[in-house]
Amino acid sequence: MRKEFPMLLTVVAALTVILSQFFFHIAEWNLMDVLDKWLNVMWGIAIGLGIVNLSVVHGKKIMRRAPGFYNSVVLLAILYVYAILGLWTTTQGYYHAWIFDNVYAPLDSTVFGLVAFFITTAAYRAFKVRTWEATVMLLAGMILLLGSAPIGEAIWADWAHLRQWFLDIPNAAGMRGIVLGIYLGGFATALRVMLGLERAWMGAMGGR
Amino acid sequence: MSFDFPSLLSADGAPVWAAALCTLAIWTFLIRDNPIYRLAEHVMVALAAGWGVGYYYYSYIHPVITEELIGQGRWFYIIPIILGLFLYTRFIPSVSWLARYPMSAYIGYGAGYYLAFNAKPFLSQVTASFVSFSQPAFTGTLNQIVFFICILASLVYFFFTISKERPAMGYASQLGKIVILIALGAHFGNTVLYRYNLFLGRLSYVLGEWMGLLQ
Amino acid sequence: MMLAQDGPALGIFTAGSVAAFFALLVICGLVYMMIQRARAGLKIPEIRKIAGLEAIDEAIGRATEMGRPVHFTPGLGDPYNIQTIASYAMLGHVAKRCAQYDTRLLQTNVDPFVLAINNEVIRQAYLEAGRPDAFNPDDITFHSTEQFAYAASVLGLYERERPAANIMFGAFWAESMLFAEGGAYLGSIQIGATANTHQIAFFVAACDYTLIGEEMFAASAYLSKEPVLTGTVVGQDWARIGVFALIILGTILAQIGDTNWLATILKK
Amino acid sequence: MQKLQAIGRRPIYVLVFLVGIIAFLWPLGLPVSVQPDTLTVYKALDALPAGSLVWFGAEYDVSTKPELDPQVVAVFHHLFQKNLKPVIYGMWLRGPTIVQGLVEPIAEEYGKQYGVDWINLGHKPGTSTNLRLMTSNITEGAAGVDHFGKPLANYPIMRNVTALDKASGFRHVVIAEAGTPGNREYLGIVVKEKAIPMSVATLTMSIAENKPFVVAGDFTGQIPGLRGAAEYEYLVGKAGKGASGTDAQSLAALLVFGLVVLGNIGYLTSPRR
């Protein structure tokens, strides 16, 4: 019951999806719709675990008076008030939506915008002519960088064509090789899971 | 050029102030980790997690309870609810192994899903690699030949258990590595400005909507 | 969803899935054959050296020497994403090493279900390493379900906990650059692995070691050195030879006629 | 020299901010080559006889303002320069309000009077059904009133206008669109049935999707994203947010390129490499 039954569930769930996808008469039973809803319910219930985790981790910080514990107080207060507001008024409620649109949304897009800074320092640090392989990568990167800005074309009219060539030929070919490999690796991983060879969540990684 | 901030207390101005101050709070991290960023970060996690409670309850759990269980009387929808609750058994050590049930179901679904839904896209990637060399222009033909060789070389690079000591394999693998590095370099270079656009959007908001400097 | 007017293909298959089904059968057949060979004790070739995987123990070792923690993130994938599924085995390995070396493991999550699974994976790993006492569930943390709230929180965590090794293994999106470059500022040893093609370039730029695409799927076999698992990778290589041959054959056919029967069959 | 490979991250951050601030506050007007799709839109509007009516579909909302506003502004400069008479309408709720805010200052600049030289019919519910109604009877389609709820009969511009068709004097349709309802609705109802040519101002992400329609001649042309706005601004001689946006992109590309070059000079001159 501790390992065999979960393993059986794994195989049953996997086969349900596979058979529903490939076999016409099984597809007609619409098992996928039911299974999707089941998994969504399970996932929805798991949200509570996340809230418990936040409560425990930050609760302990507050108890210990750990450095910055006041942030944890803020976190838990906002978390519970906002969660209850959401359950009460749904996420469409006026105040709930106002806070999301005017506080969360700008925070979120600003963090996304931080990528611009990080990508700049990463390019500065990484693109060096250390080996000739690295040099090739650098050249491709710089051609595409200037080609994607209007300045590239202003410097040299055919820059846009050069950029397109890089995207269509070496980039597409290299990505194709990576992607085909990923599919094969993914199939092998899925098969290992179905055969019970990979089940770290039940202990004993691989083999037996 | 002069500053023209919106009124903090007006219905139109308050959201602008809220959004602008949030933006500045995140930007302070670029100087160093500091109390303002820490506060913003904790507020973010709290709001996002709190939002998730309402959102996912009403998208995933509520409809199943009201429509399927009560509305349609489909009793078997109690099963995923029980399985979901099994996740909480980890707090009771004697029965904590029950949590494996929902996990196994979910992971099995994932394995099955990958096999079921990726075989077709995989084949279409294969057939897309069948290139025709007869092109209107000579450069077109040359491009297709280069493309074809690059694909094969990049495939060779990934071989895990086939020896690359034979010269042909060695060269092909080396070429494959270069093709992959060009692809990655090109991808990096091509993405930089998309990432800048997001930052520029925030900057434009702060300078324009908030400070009123842009007309 | 099936439309009423589409009949079954070949009497039993859903429309457009015949070739896919048989391709899958062949690939899985090859993998299964190699597993059987390994079980029968036949010789299985070794997997080539993968620097990113070799570096994992070294990275954890260095964190131990410096007395600083190790950070592991499986990215943003759903619990059923194949990359996330592959990350469980990797996390198991990392957690076991951390348990053996007595190094603190910080494991951050954006998905509550993955949080639950990872909790189990790490607990099991500490158990197997004989250190159940050292297992601290409070170091396995949830940072909301939203991408950038999670990213902001991890950036903050970097500053406060200063991990010396940073292992990113799973499905990543735009936050990959924040995680990898944020870790680079700290000078931690970074290992990035993802099969999300749009993010590989950023890991290559900012990490010390990167597992490109499918190399991440070979990790469990590589690290465990189990012949049976290695067999699955050998099967994968045979499937690749098949792909290689198909592409050559298809391209030859593309030169001869207007209609490429091979492409037609593969689209069935 | 080798210090060039050890520039700290904070100076780089400052440079990133400077790129944005310079581009926004003091647009440099760095050169942008005009793409054919934008040029055909410009030429089509340029060739219209003065006094022609141009229907303007404001089919977007707040979330796509940053990308579409600059295009709308550039197009209205052109419309007023050529003494064309725009009629604004929106299937999207917020569209006409946004466009009204953009057009007012431009109209003032050219001395154009609301209700005489241009008008805003506002948003009217009913999406494509209502658009179809417009093609047979504007008074009915607009419920008899403009954006501000004033009777259409009061405005001189509407005196001889009965429907969105050629007979009433409409010579071109321009829509700024962010999705559905958008170009497909206009294509079916206005372009195909009423034979009025249409140009679209579109988002960067929709360029590829729209391209086949441009090639097929269904759309006269498209103004592609922020880049297209900069091109149109260049054509009408009014550098604006489109130009500053593309300036920022060009400066950013030069910054990253320059940093990489400096880093490599530092690397190559370093004795310990």
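Note that the chains take the letters A, B, C and D in the order they are written out, and that residue 1 is the start of every chain.
Convention: contacts are C-beta pairs under 8 Å (C-beta built on N, C-alpha and C of every residue); 3 or more make two chains touch, one makes a residue touch a chain.
Just so it is clear, the model here is predicted, and its values are computed rather than measured.
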item: Core chain by centroid distance, with centroids computed from Cα atoms only; value: B
item: Rounded Å distance, chain A centre to chain C centre (Cα mean); value: 12
item: Whole-Å separation of chain centres (CA-atom averages), chain B against chain C; value: 15
item: Averaged-CA centre spacing for the pair chain D and chain C, given as whole angstrom; value: 44
item: Inter-chain centre distance, chain B versus chain D - centres from mean C-alpha coordinates, in Å; value: 30
item: Where chain B touches two or more other chains at once, by residue number; value: 26, 29-30, 38, 40-41, 44-49, 51-52, 56, 87, 100, 103, 106-107, 109-111, 113-115, 119, 122, 126, 129, 151, 155, 158, 180, 184-185, 187-188, 191-193, 195-196, 199-201
item: Two or more partner chains touched - positions in chain C; value: 17, 20-21, 24, 28, 79-80, 82, 85, 88, 113, 116-117, 120, 142, 144-146, 148-149, 152, 160, 174, 177, 197, 200, 202, 204-205, 212-215, 218, 233, 236, 240, 243
item: Multi-chain contact sites of chain A, meaning residues that touch two or more partners; value: 21-22, 39, 42-43, 46-50, 54, 68, 104, 107-109, 111-112, 114-117, 119-121, 123, 125, 127, 137-138, 142, 145, 148-149, 175, 178-181, 186-187, 189-191, 193, 201-202
item: Chain-to-chain touches, reported pairwise for every pair that qualifies; value: A-B, A-C, A-D, B-C, B-D
item: List of chain A residues in touch with chain D within their complex; value: 116-117, 119-121, 123-125, 127-130, 138, 142, 145-146, 148-154, 157
item: Complex contacts: residues of chain B adjacent to chain D; value: 1, 30-31, 192-193, 196-197, 199-201, 203-204, 207-208, 213-214
item: Sites on chain D touched by chain A in the complex; value: 5, 7, 9, 12-13, 15-16, 30-33, 227, 230, 246, 249-250, 252-257, 259-260, 262-264, 267-268, 273
item: Contacting residues of chain D [partner chain B, same complex]; value: 10, 13, 16-17, 20-21, 23-25, 66, 241, 244-245, 248-249, 252-253, 256
item: Residues on chain B engaged by chain A in the complex (per definition of touch); value: 14-15, 18-20, 22-23, 25-27, 29-30, 35, 38-61, 64, 68, 77, 79-81, 83-85, 87-88, 97, 100-119, 121-122, 125-126, 128-129, 143, 146-147, 150-151, 153-155, 157-158, 176-193, 195-196, 198-202, 205
